[in-house]
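Accompanying notes for the structure given below.
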Amino acid sequence: MIGAVLLVVLPFFGAFLLPLLHRHYPPVTYWAGPVVLISNLVIALGLWYGVSEVGPQSIIFGGFAAPLGITFYIDPLAVLFVMMLNAGCLVLWLGAWHRRLHEEILILLITGAGCGLMLSGDLFNLYVFFEIMAVASYGLAASRRHGPDSHAASLRFLLLGATASSLGLLGIALIYALTGTLNLSHLAILAPSTLHGPVGLAAFALLLIGFGVKAELFPLNTWVQEVYATSPPRISALLAGIVSKLALVVVLRLLLLLYSDTSAHLLLLTVGLLGLVSAELAAWRATDLRRVLAYSSVGQLSLMAIAFSIPGPAGVMAGIALGLHHALVKPALFLLTESWQARLHELRGLAWLCRCSAFAFVLLALSLIGVPPLPGFWAKFWLLQAGFAAGGWYQTALWIVLLSVIIETAYLLRITRLLFARQASPRFCEPPQRRNLAPVLLLGGVLMLVTLSVAPIGDGLRRIAQQTVDTGTYINYTLSAWQDDKSHWNSFPTRRLTP
Amino acid sequence: MLVEEAAWLYVFAYLGAIGLILLGLYGLVMSRHLIRMLLGLSLLEAGVNLFLIAAGYRPGGVAPILTEATRGLLMVDPIPQALVLTAIVIGVGVQALALALVIKVYQAYGTLDMDALTAHIAAVPVARSAPTSVSAEEASP
Amino acid sequence: MLFWIALSSVMLMLTAGVAMLLLDNYLAVVVASSVLSLALSVLFVVLQAPDVALAEAAVGAGLSGVILALTLRRVGLWRINVQPPAAVTKTSTEAKS
Amino acid sequence: MNLREFAGLIFLLGLGVLLIAVLTTLPYSNSLTGVGNNILAQAPAEVGTANIVTAVVLAYRGLDTLGELLILFVASTAVGMILSKAPGTASVTPPLSNTSTGFVFSAAASLLFPFLILLGSYVILHGHLTPGGGFQGGAILAAAFFIPILVSPASPFKHAVSSLLETVAGLVFIGIGLVALFGSGYFLAPLGHPGTPGALLSAGSLPFLYLAVGIKVGAELAGIVAHLAQP
């Protein structure tokens, strides 16, 4: 399982090497990124094959057994999102006409850190990878060349994000003070006696603040619309479509392993519902296309959070489906509308000038709303199914979800009506720039492909969700070095493993 | 709650940490000046670091460095110290990035007031020239 | 003895923290932030964390103060005499030219 | 007082009450697990460092250290990206002190330089024995290089050199980790014989790792300061 290590190390190695190579051979920025991403993708496919053949695996770092050193846990969920991250970055790479050294370095670092975030089984290591991703996002958000606005937005993002991650570190400190360990599976064993109380819940709330900034959760998502309105579409697509999911998957892991009691689930549900309603209302009121897309992204991530808060595999499956669907649709929308007018009322009649992109927009929007044959419908359907089966508060929550879907339909259809309006013609319209066409077509093609093969994909997701909620396997695999002696936490054998 | 002999050290450390955290958050919430907010952020980080170190302290323990004098004595927990070393350096990196952004923002707007920045960002879709000018320039390297 | 060192460093730390948020003179603010880091590193030594104390003294008191001072110089706040904020900020047209 | 401040103060109050309440329930180092104790007991024999914090930083949690180096790398890359592309806004910045930097300052700076280099190297190379190590020594090394900039802002800072050092040090760190990965099967596993704790030549590959950390931290911090100092 050396591959899982390389998955993280390779992008970092490339990022370190890139400035040096660039100095002597500038064209390296054109192919270094794709080479790293493609090899990562190949490694991830190998891991996928291994995981589906043999089952989950765990690896340790430095040769120190689990609770002492850092472990990686490789399961289908992690590998799935690793593949999504690498494939997504690769698709966005197609769309970059002009490559700038610093941006490429930051994107490579986000890739490596995201892989680590998915695989790591150590609380502080998660924090470190999350910080790399966060700091790289602040840098990327400020990367527009002529935009003081993007600098200002990035600064606000940084202030919010750094404050929240400090509070998240406080949560980690609380957990360490309570338990004395940082390994997730070790914590999972200790959690019922130590973390399922008011103090443990406070630690979870602090961690939720820490990870919630990137996951665009409710009170911490004010940066979303500012950054997406001011940064280049490629960056918005990367942050909204791909990076934000990873933070939410980490929250899911913490919820499953550490906080299996209901109060933590209800906390996440509440946060998700508040975020959903506020985001959809804000999107309805927004007059700027980028902001509409940004708010709708917050709404979709809140839906994902609601799905993850439903206990059991059904909710996890719906959440994964929602996340993957959003990762397909939102980058395509951001790239497609790059050359369009920013203000909604200036979009009037655009469809009669550039038909193809207007139709593509409508198709993507319909999938986002959840119109039956398209994949978006199935993701939302699975969410409703899971919520209905869970009962209790979740059934009440479903009404709010349905209401928000109605609002979402309203504003997306309003934009569609503007696009196809007859009375006034726009002043000018540019077709989507050629550099954006390839990724949009690719993402749209995958969307169509998924539409045709919903049944097998659903089965696959169901299996992944089953394996994800199986925390017993997680604990057994990562703590295999001392699982024979579980009764003595204080005297577990720690030995230097020799190969 | 505290019956240990050296319990006062815990009390000082934890109260100091909580004081720093609250001061930092107060600065972040109540101030609208960018420099002050960054100062609040560094106070918050210092408080969290102190909290972690206090969590690893043991009454009567010595520093986790093995010499002839300390062999066999009770030592404090080394893990939080390693975490804080990492956290301090992370904090400096973030602070440096924030200060660089502050400089650019000041050069562009001539103000360090957060509300002014918010107003500038809220008015963003004023000109559609921004994306095309970028692409035009980027297309000709 | 240790008791008084710990008490006085916590007090000094919190006082410096309040000073950082309240003082108008940015020169004094930078000094206060360095004082805070030094008091914090004394507290780290008392808590038996000499490694962290060294790092806090080198990074927090030294480097962090320097980058803060450099930034304040570039945004025109690095001056001994306190001026009203209106006079300190320059207009955006000046910056553009 | 607007809504944001009100909500912030409520949050502040809640967090304060919460943290004070938490203090009454913390176990106060009577930790449930023996993770820290085990490391204290095992590290000198397994890793060979007298300073056990170093063992945790480089051996038990080496991946965190790599991540932390990366965060500094991200920060310095982003600072370079943000500050280097100033489109003709060469504003005149006054010197750091009101008086022009005179002979005393520059003489002191050039006198300090060798001592700071020496001190930094000492702190780095003895990181596995005494308090100190790559981060602390790296910050001192950085100080040796940026103090001349502070004294006379016109003095040139070679970004090419610092970036070269940075790259090489980062590659050495990852390279040692990869050698361990292909040699013993574990990324960043300590290589070589642990030796006797307390000797300068002990702890296998850890001093080299710390040297790489020190050079990288020093070069990056100096680069950041130089970017911030020079308009």
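The letters A, B, C and D name the chains in turn, as written, and every chain counts its residues from 1.
Keep in mind that, in the parts below, contacts are C-beta pairs under 8 Å (C-beta built on N, C-alpha and C of every residue); 3 or more make two chains touch, one makes a residue touch a chain.
As the structure is a prediction and not an experimental result, all values here were calculated from the model.
Enquirer: Considering B-C alongside A-D, which chain pair is linked by more C-beta pairs in contact?
Expert: A-D
Enquirer: Just how far, in Å, is the C-alpha centre of subunit D from the one of subunit A?
Expert: A distance of 30 Å separates the two centres.
Enquirer: Would you kindly tell me how far, in whole Å, the mean C-alpha position of subunit C lies from that of subunit B?
Expert: 13
Enquirer: Measuring from the mean C-alpha position of subunit C to the mean C-alpha position of subunit D, what distance in angstrom results?
Expert: 19
Enquirer: Give, as an integer number of Å, the spacing between the C-alpha centres of subunit D and subunit B.
Expert: 15
Enquirer: Mind pulling the residue numbers of subunit A that touch at least two other chains?
Expert: As it turns out, subunit A has residues touching two or more other chains at 124, 128, 131, 135, 138-139, 142, 145-146, 151, 177, 180, 182.
Enquirer: List, in ascending order, every residue of subunit D touching at least 2 other chains.
Expert: Touching at least two other chains: 26, 31, 35-36, 39, 51, 53, 60-61, 64, 67-68, 71, 74-75, 78, 82, 89, 91, 131, 135, 221, 224, 228.
Enquirer: Which residues does subunit B have that touch at least 2 chains other than itself?
Expert: Each of 21, 24-26, 28, 55-57, 63-65, 75, 77, 79, 81, 83, 85-86, 88-90, 92-94, 96-97, 99, 101-104, 107-109 in subunit B touches at least two other chains.
Enquirer: Can you list every touching chain pair?
Expert: All touching pairs, sorted by chain label, are A-B, A-D, B-C, B-D, C-D.
Enquirer: Which positions of subunit B touch subunit A when the two form their complex?
Expert: Counting only subunit B, the residues touching subunit A are 21, 24-25, 28, 34, 37-38, 41, 44-45, 48, 51-52, 55-56, 77, 79-80, 83, 86-87, 90, 93-94, 97-98, 101-102, 104-105, 107-109, 114, 117-118, 120-121, 124-125, 128, 130-135, 137-139, 141.
Enquirer: Would you tell me which residues of subunit D are touching subunit B in their complex?
Expert: 4-5, 8-9, 11-12, 15-16, 19-20, 23-24, 26, 28-29, 31, 35-36, 39-40, 43-44, 50-53, 55-57, 60-61, 64-65, 67-68, 71-72, 74-76, 78-79, 82-83, 86, 89, 91, 130-131, 135, 197-198, 217, 221, 224, 227-228
Enquirer: Help me check something: in the complex, which residues belonging to subunit C touch subunit B?
Expert: Residue positions touching the partner: 2-3, 6-7, 10, 13-14, 17-18, 20-21, 26, 29, 33, 36-37, 40, 43-44, 46-52, 55-56, 59-60, 63-64, 67-68, 70-72, 74-77, 89-92, 94-95.
Enquirer: Report the residues of subunit D in contact with subunit C in the complex, numbered from low to high.
Expert: Where subunit D meets subunit C, its residues are 51, 53-54, 89, 91, 93-96, 98, 123, 131-133, 135-136, 139-140, 142-143, 146, 150, 221, 224-225, 228-229, 231.
Enquirer: Which residues of subunit B touch subunit D in the complex?
Expert: That would be residues 1-2, 4, 7, 10, 14, 18, 21-22, 25-26, 28-30, 55-59, 63-67, 75, 77-79, 81-83, 85-86, 88-90, 92-94, 96-97, 99-101, 103-104, 107 of subunit B.
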